[in-house]
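In order of appearance the chains are A, B, C, D, E and F, and numbering begins at 1 in each one.
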Amino acid sequence: MDGLQLALTNLTSPPVLAFALGLLATALRSDLRLPDAVYQALSIYLLLGIGIKGGVALGQSSFEELAAPLVGTLILGAVVPVAAFYLLSFFTRLDAVNRGALAAHYGSTSLVTFTAGIVFLEALQMQVEGYVNTLLAVLEIPGIIIGLALASRGINRQMSWGESLREILTGKSIFLLAGGVLLGFLTGTAGYARIEIFFGGLFTGVLTLFLLELGMVAGRRIKDLKEAGIGLFLFGTTFPLMAGALGVLVGQITGMSVGGSAALGILSASASYIAAPAAVRLALPEASPGIYLSASLGITFPFNLVIGIPTMLAISQLLEGFGL
Amino acid sequence: MDGLQLALTNLTSPPVLAFALGLLATALRSDLRLPDAVYQALSIYLLLGIGIKGGVALGQSSFEELAAPLVGTLILGAVVPVAAFYLLSFFTRLDAVNRGALAAHYGSTSLVTFTAGIVFLEALQMQVEGYVNTLLAVLEIPGIIIGLALASRGINRQMSWGESLREILTGKSIFLLAGGVLLGFLTGTAGYARIEIFFGGLFTGVLTLFLLELGMVAGRRIKDLKEAGIGLFLFGTTFPLMAGALGVLVGQITGMSVGGSAALGILSASASYIAAPAAVRLALPEASPGIYLSASLGITFPFNLVIGIPTMLAISQLLEGFGL
Amino acid sequence: MDGLQLALTNLTSPPVLAFALGLLATALRSDLRLPDAVYQALSIYLLLGIGIKGGVALGQSSFEELAAPLVGTLILGAVVPVAAFYLLSFFTRLDAVNRGALAAHYGSTSLVTFTAGIVFLEALQMQVEGYVNTLLAVLEIPGIIIGLALASRGINRQMSWGESLREILTGKSIFLLAGGVLLGFLTGTAGYARIEIFFGGLFTGVLTLFLLELGMVAGRRIKDLKEAGIGLFLFGTTFPLMAGALGVLVGQITGMSVGGSAALGILSASASYIAAPAAVRLALPEASPGIYLSASLGITFPFNLVIGIPTMLAISQLLEGFGL
Amino acid sequence: MLKKRKLVTIVIETSIAHRLEDDLLECGAKGFTSSLAHGAGPRNSRSSDIEGGNVRIETVVSEEVLEAILEKLKTNYFPHYAISCWVSDVEVVRDERY
Amino acid sequence: MLKKRKLVTIVIETSIAHRLEDDLLECGAKGFTSSLAHGAGPRNSRSSDIEGGNVRIETVVSEEVLEAILEKLKTNYFPHYAISCWVSDVEVVRDERY
Amino acid sequence: MLKKRKLVTIVIETSIAHRLEDDLLECGAKGFTSSLAHGAGPRNSRSSDIEGGNVRIETVVSEEVLEAILEKLKTNYFPHYAISCWVSDVEVVRDERY
């Protein structure tokens, strides 16, 4: 399968097409709208479901298998946001607060990008270690906290870290993800078998519906993009490739398969737009959502869907060729 | 299987029973009520799902196979509303506006009737061409537009067709149906396999829940029926048989199977009560919903569930016997 | 499998873990919240689904098979609330109104406890008669009515039984359950096959999501527990064992299997917190929800999840050993 | 041109909402609008959480109907149920409808 | 400190809600808030049940914008659609926003 | 018989709603009612779409509590968040509850 075909497989997966359909709905000023309650329920389902899968996989993996990738992922979770923060002063003229907010987003992960990536890899019959779902949960949190810490230098007021951390860690996205991991770990494969149709079988379908609405949200933000400026655009398209390549490298070094390394690369390349915005909004109200949402949802998400995902696989295959 | 058994198979399918249960709930003044948000979500699911199925089937069918039935369906989509419009002046004393509104409803199709028909045909192990889902999407739109055009003669104000058409075509029902076809066509069977449990496996179950609520809605409208008059009642029960028979004929002539022709007949016999009411409401506010909803949801829908569906199969088998 | 392992299997089933996660969410003051509309939809799904299963099982069982368990269950439905009412004057100093309200709750059943029990029994590869789902529906209603009748002695005002009964029996929980039985019975296995993925395959997953929210609700009620007093606590933990043991006995006497008798015991041990509270609220506003909800949801539900369910199995195995 | 009416807003636990809606119409209200809500209040003793929150009901009525509604609330609802109610002045265009 | 404004509340069948929201902004409203609702009214002739109930739209506006909105409602909405509308006095802090 | 109170209506992006509800109680409100909503406004810079819209929070309070709430909004909410707030006069029956 050559590059074009790869890209096409990716672009014609139902979730990606649904996102495009959502963009179209906004462009045509359709009155389509997923009710707020349902949209929230879908995101609860997705977060809990991926957490559970991560927890089940965690329970199935041996310590030897998991140790290296886990440590590698934690390092990734620390390096990426710091890199983003400093590179941003090169790409843009944003202040520390907004750079910190962006670092939180790019340091964290996007469940949706990740799942689209898995759909893509599975369509190619690539094997992916089950524990990448666990790595997603692990990678979700440190980026946010480091980003906020970096940003806190830029604000005048005293930040109350205790309360902020409680609010962030018990915030619904992170609670569901971490709680799902716990639930999945404790229930194991036997318990999971009883809910597999619901949390597993329906997952891509639910994601499709979710992306339809997310496409509409993104569509409504497109005019914000113009204000974002060329610097942010460049950052939003080159940084994912750098962070992603680093992720693939970490995967290969820590002994993951071609598919697994690509998946870790996709995770690393992805920018959060569910957990991070909520956390940043709560703890860092000075940062402008127009900037970080435009970047993560408006630029990097579609970029990853179209280019990032297949590129990570290509990099992984390349590194594998080097015998890493 | 004789006629009575056929009818029984049809009447005891879960969606039909759920509709009856909904009627019962209203009669007993139960406080049951599907939350608005959930009801809207179910209808989004159903419309998108059937669109996707239609699109996938479209991609799988060869041009030769599809060409004749498609042309036939388009002709059907033009003839039925016009016939409805003129026959209505025979059956009732309604003005052009209300006759046009009714023509829009009977020219379009009912997703729910169609699916109940498919459930019925499948229960009898009848083969149905996959592309009937595509035909549903094709038959949905022309009827509405022709009906509105016929009605527009009856109104004094200048109708702004441009804006009206945009509003109708981007209205959520039609957007979802057409968008689903697009999505299904582009994603193909490989992509559909990933969302089949969600959009396929759950379909009849979701429809069952949807019909429970629709039964309650219909129940609340029963008193409107009295005002409707005997003429409308006669129209609502004889016209579906005529339009349906025409649909079956078109199916048989264009080379469809017994089951497929019956399905096309059911489509043609069915009157819309999701897409058409919304479109008519927007573009033709002068028409009375009390009339067109009573007719399509209160009279023709239950009539088709009980009598129309098995009759279409009988007609199809009859025509097949003639060696058509 | 020894006792500890049994308990562990039970405690690590996804629904039980989700309930614990919900308690945790409240304790941590998480902002997680299932939207009201979705929560209501889940409970509609669960009630209708279990009713349908009960109805299908009813249609599959022969009269001989079902007659004895059915009669036994009806007796159980009459004895348990009366026993609860009188034992409560021993355990607590509550007035007749509140004791009647509690009797209604303990005389009725908890769908969720029951399903958790079934999940447990199935995890142990125990066979359970399909018609226990029917017994659930049968046991749901008499307890509520008897409890209200007992309570009505304690109130001054004239109770309008006619209107109250209509309101209770058409109340959404009972309507869905009874309507589901009807639907399931009429549609039979052939019809059910078409909705099995939806109402069967997803059931435990949906229950998991539902219990997540129910855990949060229970968590918010924990402070009410302190006011409940030691007497209520003792009642809430010993009565289920008594009522449950009686249920197991009835099962064994009427010829049910080990698993089936345990399931009937679980039903009998469980206290309602969906149908009964709604009915009691409507017909007996003088009773304090702080008391009956604390007891049924706050004390007995978790007690049954952890201790009641495995105990019922143990009792059933014991009685079986006696050759009953 | 605009006519004065009273807007009554009632927040009540879900299980009772249907009965209250019927009672409002019986008191003479010509219509009402309901939506799902949740909340916290001084009493907080109710079954509503388990039923899925509260229902928020609004009805625009005349002074007389307002009296009837408040009377009904005082006898049948306030003593027993988790309920909140407030009244405000509104103006309507088509006064024959309210 | 608090400035006076008008709060317009409109309940309308779902299929028309999107158009009405656009019209409100066109009339000069600087924002609106919508939520799902259902209800009963004197007319009760509408397609809204089938579309999933009503939408309840609120907008805080100045006197002039209120006039424009009422005018629009009278010509384009009241005669045809299942719609309810009431107006009340509110106060806002940041008056430049409304 | 009816006592005067103030009704504060606040529309805020979902991610902040829980915090605001806590703050309202802290300011002295004895209760609140929340429901899901969505909308458009002059600022429109927020994360709320992604979180699933806005939350519409209502609380009936006394004059003093109103002051405290407005103060809190001005310092902690208005400068940063997508938020809309309006105040109106209402009357309540059981004034000890508000």
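Note that in this section a contact is a pair of C-beta atoms (placed from the backbone, for glycine too) under 8 Å apart; a residue touches a chain by one contact, two chains touch by 3 or more.
Since the structure is predicted, the reported quantities are computational estimates derived from the model, not experimental observations.
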A correct list of chains touching both chain C and chain F reads A, D
What's the farthest chain from chain D if centres are computed as the mean of the Cα atoms? A
Tell me, please, which chain's centre (mean of its C-alpha atoms) is farthest from the centre of chain B? F
Between the Cα centroids of chain A and chain D the separation in whole angstrom comes to 45
Counting in whole Å, what is the centre-to-centre distance of chain D and chain E, each centre being its mean C-alpha position? 20
What whole-number Å value describes the gap between the mean CA coordinates of chain A and chain B? 41
Please set out, as single numbers or ranges, the residues of chain A touching at least two other chains. 31, 33, 35-38, 40, 171, 197, 201-202
Could you list which residues of chain F touch at least two other chains? 19, 35-38, 88-89
For the complex, give me every residue of chain A touching chain F. 33, 36-37, 39-40, 43, 167, 171, 214, 217, 220-221, 224, 273-274, 277-278, 280-282, 285-286, 288-290, 293, 297
Within the complex, chain B is touched by chain E residues 13-16, 19, 36-38, 45-47, 49-53, 79-81
Contacts from chain E onto chain D in the complex sit at residues 9, 11, 35-43, 54, 56, 70, 73-74, 78, 84-89
What does chain C use to touch chain B in their complex? 35-38, 40-41, 44-45, 48, 52, 166, 170-172, 175-176, 179, 182-183, 186-188, 190-192, 194-195, 197-199, 201-202
Which stretch or stretches of chain E touch chain F in the complex? 2, 5, 7, 21, 25, 30-36, 60, 88-94, 97-98
